[in-house]
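So, here come the structures, one by one.
Two complexes come next, and they have one chain in common, chain A, joined by chain B in the first and chain C in the second.
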Partner chain A sequence: MANDSNKKITLSQMGYIYIQSQIGVDILNLPTVLHKAAGADGWITLIIGGLISIVFVLMVVHTIKCYPGEDLFGILNSSFGKYIGSIAGFSYYVYFLVVAIYLLTSYGELINQWLLPETPVWLLYILLLISALYTISGGLTLIAKVFTFFAVVLFFISSLFLFGLADAKLIYFQPMGQATLSGYIDGISVSIYSLSSFVLLFLFLPFTQGSHKQKRRVAIGANCIVALFYLYTVLISFSHFGSEQLQHIPQPILYMLRTADSPLITRIDIFVLTLWTVFAMTAFASYLYGAEKAFAKIPKAKKKIINVYSTSLLVLAVSVWGGLNEKNIRMIISFQDRITEYFTLVIPIILFLLSFLRRKDKQERASS
Partner chain B sequence: MRKIAIILLICAIVLSGCWDTREFKEVKLGITAAYDLTDDNIYKNTILIPNVQNSASGPGQESVQFLTATGGTPTEARSNIDRRLSSTYSPSQLDVLLIGEKLAKKDIYPYIDAFYRDPRLHLDAVIAVVKGDAEQALKVVPKSEMRPSEYIEGILESKVETTSSLEINMQKIGAEIFENGQDFVAPAMKVGDGGKTVSYEGLALFHESSYTGKDIPYDHTTLFLLMNNIKGKVARITTKLYDGKKPQPTNYVTIHVEDYSSKVKSKPSKEHKVKTDVNLDLTVMIEEYPADDLSLSVLPKLQKDLEKTLTKEAEDIIKSIQEANCDVFGIGRSIYGHYPDHWKKLDWDKDYKDIEIVPHIKVNIRSRGIFR
Partner chain C sequence: MGFFKQKKKEPAQEKVIREDKVPPHQSTTSLEKNIAYIKEEMRNSADLKIRLLPDSKQALIFLDDITDPDKMQRYIFEPLLKTDGDIRKIKDREESNDLNKAVTALIGGKAVYLVEGNSTCYLFNVQMDASRAIMEPVNEKVIKGSHDGFTEDIKTNINLIRRRIQHRSLTIKKMTIGDYTESEIAMVYVDGVVNGDVVKELETRISNINTDALLSAGAFTEYIEDRTYSIFPQFLSTERPDKTTALLMEGRIAILFANNPTCLVAPVTFFAFYQTPDDYNTRWIVATYLRLIRLFSFIISITLPSFYIAVIGFHYEVIPEQLISPVLGSIRDIAYPPLAEAVMMVTILEVIREAAIRLPSPIGSTIGIVGGLVIGDAIVTAGLVSNLMVIVIALTSLASYVVPSNEMSDALRILTFPLCIMSAVLGFIGIGFGLLLLLIHLCRIESLGLSYFTPIQFRDVKDTIIRVPQFLMKRRPEQLDSPRPYKSNQLGENNGE
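What follows is the complex of A and B.
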């Protein structure tokens, strides 16, 4: 990635990268997860979670502003010092790996259940892995171009969701305010985690052209688009299924399209699922890219190609283990849930606070 | 060397094609299925498989094949059917699912669970209850029909257009089965004319997922569906306005509903726990008025009489759905939605029968036709 630093992506490309890396597996199961956490109030917690995620985006953008020209690992090093910084960098490597594994196994499970029950699941992993590797092999500028190109799918897919409105009943949003406080907190944290790719801004934003004001605007705008898209899917699936039925349906968005009939396509759910693989691929590619960049920082950057392959082999191996049965997948998911908090919430907050110290530091040095 | 390797790799990926497929030629598609319980309470599945023989001028006469098998569950019965077929039977394109009265009165959910669980199956099938044996209804094949397999589906579809039945499929009733305080209705059918035809009989009232044994009779379905905010392409109501006029037809009037608005509002009340108002405004055209003296001065009286008779009919409908304990208006869900505290005090299964549901029907006669 040596030539990455002089090639920068444009603002709109950054926005598209951000949107595409956010929307992954969550979009399909978010309504059910939210409903389990906060009942019929799930969509309210999503709005609150969306607002909080904007605060985090602002913090990330501010932190990056304080360390011009440095990416996540540079920032970690300058904030925590070399020793702790590289440990933190390595743990981010683990985090990105775990998320990538989570995305890959969830993708495999879904495709296996819905579309290709007889294809061995490792083959599905390899297919996604190959396309993701090919996307990130060309560096950030290529990723940006591919992701921008695929952005069309978002608009297409969201218009197909409208079929679900045919049987929607507004009464299913009522009663409001029945969830307990802990239900609300659960719902809000689920929503923030579903928008947790703001961590990736640390990797993309330093390589974006434009002033900090523009970057901030684009990052917030992209975050809002993703949050609104989530809200849209959640509202549609809540009004389509009653609350009792929603508990039994892990992928409500696909499920409600099972009966949608159009003159052109008989099974819209299958069609949406194939379109969705694009999102699965882009989100997976983003995290794989993150993991690969993190890995490159640990042993004094050697050959890029080895980094990529070793990382993806690791991802593949763990995913195959995860794909053996549902228990292993749940283990991966719960492990990811447990560590997500630290890497998406705690560390960005610490970095944000440290950036103030550093500024003071600078000012003192300047004055003395 | 490298080039060859790349080319081979590309060929392997591109030319291998898809093998995880289910092809049409390998399966027999059941279009209509009938689920019954035998007298010994054993589940019995009958399917209709159409075979289209190709003739010189396009698809020719269709022959149909009936297969019956018993089993513990629908899937077991399915594999028992499979044993007698040269290819695999697949219900993935099922259009109509007929359910025998006896089975419907138990619990239908265990029998349709596979449709919800298996992503290969389509949830689009219409569910209909057959009075008596569903297998018999399925086996009715009128000679005049070009496509015997579409006979029952055709009846149901045409009834939706005339607002006598409603569009229903397994997905639509899914929410109602699971949700409290909300029930559904399904079309009811019966074998008639000594087994030569099948007729549409009205709407079967369900409570949760079992048939209550009570129906909304055919002549009340249109009014009922309009109250429930459903209208097909045409809605026509013939009603008996007067008693004892001679000749007989002059007692009746037929209205064509051009426009309507319906609203169901429920709120807690002291005496009956819940009070529900069903408001229905109809804009109608007089389509048939055998008494023949339809002058402007008669209209106000006719309008009043119509409102009175329709309200009376609506009350009958409400009485029967309350007796059947079928909350088809979703009153319970609406109370739970808007008054969750009040809902907690209710025992809906018991209290629903005693709540007060009042129909308010307003008729606006827009036109009397071109003959005065």
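What follows is the complex of A and C.
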């Protein structure tokens, strides 16, 4: 791991890192999940969820502002004290690990279902792990460069989605406002979780050049780009399939592209899936980076080699164990669902509230 | 693993003293002793000529093969006649009391004049000039633009650059590398445009080179480049002074070598290998079109064979309906899997290429016909390789030769192999991972500590992937972090960007 403390990334690089670490494999499922929760109103809940996520981004940015020069673990330590802070840091390690495992296994599952049913899935895990390790071993600057470069893929894929508009029908959005309140709440929480990478801002924002105002603007902008991309995906799949079909289709976007006609090549879904490897890798790499950062903060984890490889081996081992095994993977996913709430919503809110206390602290100290 | 380690004895070796660091050896007043010392030091070399002048009181010593008799006549003997044989009255001479310095001068093409009863050595520069005429480099031809090229003579090369940049801030730093060869190199840059940190970095790296002999520019890069284990060249080599000048004015550093027409330029980006002077001499729309063609052929040259393998091996569905039956027809009777076909064809092509380079040019074209036409046709009729594969490989190698830089084209052709293997194992996903790793690797490479691949800012696209008109290129490349980021003095509001 290169020394990140003195190397800083630029604002735009930070934006791209945020975008790329947010978009993972999940988006392919998002339209179906939203539809399950809120029916034809799923896209409205996504908008609301997107707006709420902006509030969380603001909170995170504000918290970081109050602890200049400290990343997530420094902030946890200074907010909760040394012991509880270390425990919180370690639990974040677990959280990042679980998310990384989830991303890895869901990518393996996706490719296994769509492209390579015969290939052993651990080969895909290893390749994705190697790519991610290669990226993060260059430190934050390399992550920034790689993620910035791969932003091209986002534009390319977005334009491929336009094929779906050929059969789009606006009538599928009708009738609006039919979902129940609990449906709305479900939809909104799904949307917020799908935008939950704002936790990663704790890791990247402190190492970004620029004033606080600029950082806030870029973070919100990046968050909006991701939310709009989600909205675009969801709107296209809703308008292409309609409620009845959506219930039965797990990855509507891919099905949509499968049937799309183009004169040069058929089966655009295969190309999109290949390109999606980029998103899978970047999202996975950011969480792996987070996990390794967290692991480095655990006392006694001094040897760097152990640090890098133990985390990755752990991820690989659990992924192979979970893999395509229905029962094991359910366990991982349900565990993740249970803890996500605390790490993405509860702890950031607590940190935000504590930061006000600290500020008062500081002012008093300054005046006295 | 200390258990297996055996202590190795350092092999004994005498230290070589560089010519410019030899300790002085005081000359004596005896002519005979001085000559004997010089003879001894020169190992009685056959080309060492000692010409004793009348009554053996004076001697002229020189190396026969590197001195010019004409110059000797003009600078030594003619003036000597005019001054009645008194060497001290001749101008244009150096003096020294150090015999070792005299020996060094001898090697450098000077003549040493010794006088009995006088311990001073008189040195005259009578070196023979051996340089070929300035010609256009064979491997970097352009359609329009200047047709001169660097030669083996470093002075001529510096001359060619100085003539193009008429400003006092053009800085030239000379160094010598190699204890035996003492190869002269010259760092050339425009002070005030170049990033000072990069110059310092390059200087420290050069001063850390420790070797007996510096033989080529390629060896030189291996001593100082950032990533020796990468397949991508991190120094741009060129023999064109116009290209060098353009790169210098962007804020890069050129390194010239004595006895080598190659000029290395650093730091460079990946895209610099895709630029030619022609781009700036044609209309910008045409240049942009050609740039895009080159970029396209870059993609073709590394992915086309692997794409073919993936389609045939994994994803038949990708082929449009009307094409399926011709494709199937062509590969039905082929015994080998597509990967073996591809490897076979690529190897054959490389063999033909290598043979054509080594052979003299009249026979070379025969090889092209035998290799290309005969083998290409026979291999399909024999059923070893499908004719689709022949098309694919031929296109691939053509595309790899589009790159203006020779080293980059070599790198691309080798990169085909790992991608082919990946795609034979995992289909499109394999290609995806291969390209992913390749691009991460490219992002990782640095050239003299500056990033090699990413166009960091959007405005850098203006002179990389496309070429916009000159008046829109107001800035130097962002990569270099030049102290003079704008290309002109006028920075009005309309001129800024």
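Just so we're on the same page, the second predicted complex is superposed on the first by the 363 of 368 C-alpha atoms of A that agree within 3 Å, B and C clash if a C-alpha of one lies under 4 Å from a C-alpha of the other, contacts with A are read in each partner's own complex, and residues count from 1 in each chain.
Quick note on the criterion: a contact is a pair of C-beta atoms (placed from the backbone, for glycine too) under 8 Å apart; a residue touches a chain by one contact, two chains touch by 3 or more.
From a predicted model like this one, the values you see are computed outputs, not experimental measurements.
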{"item": "Partner chain(s) touched by A:203 [first = chain B, second = chain C, both, neither]", "value": "neither"}
{"item": "Partner chain(s) touched by A:167 [first = chain B, second = chain C, both, neither]", "value": "first"}
{"item": "Which superposed partner A:278 touches (first chain B, second chain C, both, neither)", "value": "second"}
{"item": "First, second, both or neither for A:296, with chain B first and chain C second", "value": "neither"}
{"item": "Chain B versus chain C as contact partner of A:175, first or second or both or neither", "value": "first"}
{"item": "Touching partner for A:23 - first (chain B), second (chain C), both, neither", "value": "neither"}
{"item": "Touched partner set for A:103, first chain B, second chain C, both or neither", "value": "neither"}
{"item": "Partner chain(s) touched by A:116 [first = chain B, second = chain C, both, neither]", "value": "both"}
{"item": "Overlap of chain C and chain B interfaces on chain A (superposed complexes)", "value": "115-116, 119, 267"}
{"item": "Chain A-facing residues of chain B, complex", "value": "19-20, 116, 119, 122-124, 169-172, 174-180, 182, 330, 333-334, 336-340"}
{"item": "Residues on chain A engaged by chain C in the complex (per definition of touch)", "value": "10, 111, 115-116, 119, 123-124, 127-128, 130-131, 134-135, 138, 142, 145-146, 148-150, 263-267, 270-271, 273-275, 277-278, 281"}
{"item": "Contact set on chain A toward chain B in their complex", "value": "113-119, 167, 169, 171-175, 178, 240-245, 248, 256, 258-259, 261, 267, 269"}
{"item": "Complex interface listing, chain C residues touching chain A", "value": "314-315, 317-321, 425-429, 431-433, 436-437, 439-441, 443-444, 451, 453-454, 456"}
